[in-house]
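Pasting the structures in now, so scroll down.
After this come two complexes, each holding chain A, first together with chain B and then together with chain C.
Coming up: the complex of A and B.
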């Protein structure tokens, strides 16, 4: 006995397939490709940035203004402009070493090893976090874990796992704006999987041909508090920076 | 023999004046011995506590380790040299691995040194056996001191997150549970430190078989330096040098106090001698008329003064020995945080009176009394017997 296929069945299947294709999410891209685009958007040979750091503690908040000159990934120089108590404090990063100079003590101190994990001026940022300017694609393997919206922006959610190099955070989870290639949210994890730090981008601006996070809240997840807000007031890409700025002599 | 007899008769005959002098001088005796005994006791107590809980028979330290430089810790770890590994196996040494970490009690951040030690070790007098206690889940058992507990607000049974970096510089964090709060007078093993099981720390940091320093048991024979694979030995004297220097400086400082006490007592003796020589001119003249030479008269008066010192020693013994023995037995209660100023002396300080201290103090006081007694008698050398008999000084 032969079974007869109803004539309407192919049509129903075709409609169903079309509906499924339309309802499916956008094709997930390669994680490494997304990371490369993020690095490309953020990376620059030279940057000069003026920023504010709003540090919220138990006894209220305070705002620290600074100007940074950044050359590639190995060199940076920061001078604190405000408040008066911090004015004149300078930080120089050369490769993996960091020196700070405080006018009050008139001393230059090398910060390395565990001291790099200390908080910068009581903020939720460590010296190490401040120093980090590595290309993510060189440090992490990335897998696109899905899609989510951060605010009104569609994002790729990427799980990053360390490639085994000597890096601070073993795992990260980042939410990358699908159109702007900028990280809008980030969670940094310990080897054990415990959440250590979070980053929330509250504002993104177009500066020349790049999208730049101009208002970011950093939070030490193990510590109480509201976190530290970092606001970029001005940023100049590929600026001319004199070499002498990246010497210890310029600290004093 | 007549001079000592006369001197004794005269001094006892002076009655209340003699006993007042002796009492004032005895106070110097007792206070000097007491305060020096306190310093000696402090030194002994601190040294014994530090040796038992921290130093043992000395440390072999990794070549990169600088106890005064926390930055050195990142590189200060390595596999044990063979002779030290043998000593560890024989229970004659205990390896300790040290890393930097951060704890987050009540949402605060406190930087700590994380020290890994074998829970079964017997080299140091630390309650490390508590670290053997099996913990539910993945929590790391930690042992802290009372000062650390006060600083962090932690107590036994509390859970706190510990963050650290492994050998490759990667952050890790896990929950720990305080298995015991130990009471120790040695703040250098307490403040800013947490103790965890050694093997657990090695696994956490990816440093298998490694240590930062190795504590030798007291009396253990140490291997030759050439066999120590570059590890540096620091003996008890090296560790205790600072504390001894501190006691020395305190001892010098307190000698100002003794000098004032002695000066007051000597003033009384000097004054007594001057008055005696002035009032007893006729007696001196009579003695000279009876055949005493000037030297003998000087000897008599000097001996009388010196006997004040001897009497003072006897008076001091009468009330000082019971008093000081009682303090040595019961100790002297110290204010709350005294042991946090650098000395491992706990809540009570037990003075220690050595034979040298008592003998030395007695000789010092007697010698000073003799010199002070002699000085005013030099006037007698110029005395004419005829003037003295008429009650006049020459």
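Coming up: the complex of A and C.
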């Protein structure tokens, strides 16, 4: 009996190797191709979104409703609809500058640079998170790191690293739904490797010919709290947005 | 006996002058050091208490953990009823609510666009209530440089240097950009009623003083306060009483659950002040010991030299029948007299300098311009009853020690050998 064990080792190794080969993806796709499909699913000339942010803090939660007109990374306009204290506050983002208008003060204030990475309304989203529609393939190199399930959905796990542009999240790890090309989970990192933010998609809906994440929990890893739930109430792609909306005149 | 010793000391100056000068200088330095440390510490305590810590302070437990960051999202809710309760429970203290906040002051141009911005450290206090102690605590009436104190809603004070840097003065509009208690953006216009200078670098760097009701509205903090400060009404800060007050308050609310329950802390427990004050006290004690040691060594040396010079005198006194103990005691008595007189002279000199430093002070503004501790730019000595006696401690101790050590040699003189010594 003692002599039979060494004789079995090659067979066990062969079975193990075969199992590993079978368990691995038959054909791991190119990372850039997966990223292109993600951009294709959500990409549009512009988007008009009505959303709710449920901000959960140490003293309870509150809901902020807003409507945003977003054109790529460069142009964005947001108007806050609720609660009454925030109603009428408007924000215009053009490239790396953001003007905010509050009716109570009747002032237009410029926010720029690293201030854009600050929290919006005390939420876990930054101004950049909320007001930019990024084409990931233009900003990141992608490598498929593996395959995992998120809930019952099989996903590609992609490691993204910045192509060198000065962006908020130097690295990202994303879990992309293999069938619907939508990101279901994400971890965003600083250049140092420090985890800055996580997102967790709780609901995906079909809108015309696209799959859209309609309920996402953002969690700022650098602060306490249970995170902010971002709920898309309505989303319109390629809408007719008048040019004057992306001017400072539209703030007042 | 004392008369005999005094005559000896006066007639033989080499016996008394050096020890006298040594003791006088040591005692004077001790008195000046004591009065100066006393004044600096008092100034730190008083200005820190008035502007930041109170004699005691009530905060939420969560706020207290991060108090240095003034986290208004963790502020006390129901501040009105808490304040009334404190006034009932502790009638010997004045209680006043405050909100500390940070942000940017944005100054608009003629088109309403941003002309200039600057970071601001804000303090919201009860300015408009005539019964509020804040005007006195912050010494606002004397601090006004330009304009006047706020009288109407929406009026604020800015530190004078900060206002000058922004290029604004009384009557100008200044917009505060900050965050509400819940983290939302605040953009609120105020009118600058006046500019102030407190003579405290931290406050004069970029401060905004606003009425607490205005800021409650701006920061969405209805009936809330970041902190409630308590001040002993009848006298300055009393460390032990403040500590026992805080302990009593906290133990009575031990069962109150939750991170937003109120917690009281004494001045010493805040911002590392306890360590600073204890450190200062230790430094001063070390200084005192150092003076005693140095003076003792100098006096010991002087005593040894004196013993050599008075070798013959001691021999004759011993030969005449004076016993060693008596001679030794007379030497110590001599030293004590010199110590007493030197201490008295040193104390007089030290008090004169201390009174001068108490009246004129010493402007350390340029050294404190980047300080984060709330302390007045002009530090002053403070003469207290203890200043009149503290100089005698090293003066008497050092002369006693010096003489006691140098005089031991007397016991080595053997009476039987004295005759031989004289023959030689």
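Points worth noting:
Following the convention adopted for this analysis, the second predicted complex is superposed on the first by the 225 of 252 C-alpha atoms of A that agree within 3 Å, B and C clash if a C-alpha of one lies under 4 Å from a C-alpha of the other, contacts with A are read in each partner's own complex, and residues count from 1 in each chain.
To be clear about the criterion, a residue touches a chain if its C-beta (ideal position, glycine included) is under 8 Å from a C-beta of that chain, and two chains touch if they have at least 3 such contacts.
Bear in mind the structure is a predicted one, so any value in this text is a computation, not a measurement.
Overlap between chain B and chain C is detected when the two structures are superposed via chain A.
In the superposition on chain A, contact of A:43 is made with neither chain B nor chain C. Contacts of A:220 after superposition: chain B is touched, whereas chain C is not reached. When the shared chain is aligned, no partner comes close enough to touch A:29: not chain B, not chain C.
In the overlay built on the shared chain, the residue A:162 is in contact with chain B alone; chain C does not reach it.
Look at A:190: by the touch rule set out above, it reaches chain B but stays clear of chain C. By the touch criterion defined above, A:170 lies against chain B but remains apart from chain C after alignment on the C-alpha atoms of chain A. Contacts of A:154 after superposition: neither chain B nor chain C is touched. By the touch criterion stated above, A:86 is placed in contact with chain C alone, chain B being left untouched. Overlap of the chain B and chain C interfaces on chain A: residues 119. Within the complex, the chain A residues that touch chain C are 55, 57-59, 62, 64, 85-86, 89, 100, 102, 104-110, 119, 121-123.
Chain B contributes residues 70-74, 100, 102, 104, 106-109, 111, 138, 161, 163, 165-166, 168-174 to its touches with chain A in the complex.
Across the interface of their complex, chain B is touched by residues 112-115, 117-119, 162, 166-170, 190-192, 194, 196, 220, 222-225 of chain A. On the chain C side of its complex with chain A, the touching residues are 62, 73-74, 106, 108, 112-114, 175, 177, 179-185, 187-189, 220, 259-260.
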